[in-house]
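Pasting the structures in now, so scroll down.
Both of the next two complexes hold chain A, though its partner changes from chain B to chain C.
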Partner chain A sequence: MATYQLDITREHCPMTFVKTKIQLSKLNSGDLLEVFLTEGEPLTNVPKSSTEQGYTVLEVSHVKDNIHKVLIQK
Partner chain B sequence: MDFTEDQIQRYSRHILLQDVGPEGQEKISQAKVLMVGAGGLGAPAALYLAAAGVGTIGIIDGDVVDLSNLQRQIIHFTPDVGKAKVTSAQEKINLLNPDVRVEVYPYLLNASNALEIIGKYDFVVDGTDNFPVKFLINDACVLAGKPFSHGGILRFQGQTMTWLPGHACYRCVFQAPPPPNLVPTCSEAGVLGAIAGMLGTIQAAEALKFITGVGELLTDRLLTFDARSMEFRNVKVKSNAHCGVCGEHPTILQPEDYAQATCELKQT
Partner chain C sequence: MGIPETIPAPSGSQKKLSLICFSGDFDKLTATFTLATGAAAVGYEVNIFFTFWGLDAIKVKQGHAFVGKGFLGKLFGFMMGGLRNAPVSRLNFLGISPKIFRYLMRKKNVATLEELVEAAKELQVNLYACEMAMHILGLQKSDFVHEVKDVLGVATFLELSEGGRTLFI
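After this line comes the complex of A and B, so read on.
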């Protein structure tokens, strides 16, 4: 089980979740992905869409300023 | 497959779909679809398949673009009149999506070339306007085990079904081509241009469903609609044990050409 990182702090919806899905597609089942994103739409939509599409959101945590980390398990 | 930034943008709405995603888009990018006919049905179907990023699109059509085609064959534009339809279609596909490889066959599908050409593709879209070629496509696809979408339109009505090995084929339902000139062609009876888009787009969606494995195809059912009432019906159809090509004792062991209807008659 490996952990990967993805920075989508410069992306806008819906490319935030598009990039997340592409990264997740490269992972093996059980692997973890730490997604760094900004407040507002990305922070609302990425965890919600990930859950809707069958991934497990393990944790959402504040990193600094307006940046948050979403931990997703495939 | 690693998508480029442009491809991620271009296909983002497919990638977002749970049932398609990056994996499905990769399948689409590797798929090969043959359009038989670049007319009313083939035009919208080819445009949507090109937009979707189907890796290889083959187009077979022996006609040139006529001014009377432009009312419904939306892949061809006014300056294309007189140009080979395959060339006109190829140019639009290249402009729409340079990712797509286009293979053109500027002649008619017939019994001698059908198996060889369809053999190069994963899925065939019947966008023809006459019964002899519709039966030829059915027989060749059944004999080759090649999935295809049948489609037909006339006046305000359309019908379509999808065939996969083991399911009812077009010949199971309709047995044989009607006698030449019994059923009028579009050039005789007319057709509402927009229904070509309705039906050709359904065929494109079936091709994409087949490629990605999403949902249930139109197998063992014939979808019909009448744009006047805008009612859609799904008519259940069954494999026919007496079918000449896929029945218990098939009599059609290789593709056959049937007499073409002539348009000179029935000028009413």
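After this line comes the complex of A and C, so read on.
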């Protein structure tokens, strides 16, 4: 089981979701992905769409300013 | 009656979005591929049916090229100019505006049209070409990128899009 990181804090719609989805598709089952994202649409919808697609959102935590971390397990 | 906050998704195992890509304009293609990649990334099955000017977006040759059969077909193919030369639908200024848009998109870290097209391929968005428009323009499946799954008519597209949402762009 490996842990990967993805920073989408500088991305805009739709690449926030696109990069998360592509990264998740490359992982093996059980691997973890730490996604760094900003408030608003990414924070609302990246955890939601990940859950809807069968991934497990283990944690959503505040990092600093408007940046949050979402920990997703494949 | 107000607009509902959320539109209920159609019933079925997987949500589905089908786009009819009629326009070959830079801005409308950007809208098409933004919707397509965004929807695919959040778990939708996505179909894009390219017809008329939209076919320009999926040609192998992305610049001005004499693609197509017959004199008029080749002439149209050359004048359409491929994805690289797609004009904007307003204020095109002889092709300067798309260059300005591309510059602004890169500067503001927004995905460019080319990046969106590549993302759509990577997300396995289903790309289809319109048989009738191909026939008019003298195009063959081999003129398109290999990710184009099939050449379709209206009846098959309606079957594919059934049970989901469909947009004409």
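FYI, the second predicted complex is superposed on the first by the 74 of 74 C-alpha atoms of A that agree within 3 Å, B and C clash if a C-alpha of one lies under 4 Å from a C-alpha of the other, contacts with A are read in each partner's own complex, and residues count from 1 in each chain.
Just so it is clear, a contact is a pair of C-beta atoms (placed from the backbone, for glycine too) under 8 Å apart; a residue touches a chain by one contact, two chains touch by 3 or more.
Predicted, not measured: the structure shown is a model, and the values here were computed from it.
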{"item": "Chain B versus chain C as contact partner of A:I22, first or second or both or neither", "value": "both"}
{"item": "First, second, both or neither for A:K69, with chain B first and chain C second", "value": "neither"}
{"item": "Touching partner for A:N45 - first (chain B), second (chain C), both, neither", "value": "second"}
{"item": "Partner chain in contact with A:Q53 - chain B first, chain C second, else both or neither", "value": "both"}
{"item": "Touching partner for A:P14 - first (chain B), second (chain C), both, neither", "value": "both"}
{"item": "Residues of chain A contacting chain B in one complex and chain C in the other", "value": "14-15, 17-18, 21-22, 49, 52-53"}
{"item": "Parts of chain C lying in touch with chain A, wherever the complex brings them together", "value": "34-35, 37-38, 40-43, 108-111, 115-116, 119, 122-123"}
{"item": "Complex interface listing, chain B residues touching chain A", "value": "3, 8-9, 12, 15-16, 18, 21-23"}
{"item": "For the chain A and chain B complex, residues of the former touching the latter", "value": "14-15, 17-19, 21-22, 25, 49, 52-54"}
{"item": "Contact footprint of chain C on chain A as seen in their complex", "value": "10-15, 17-18, 20-22, 45, 49, 52-53"}
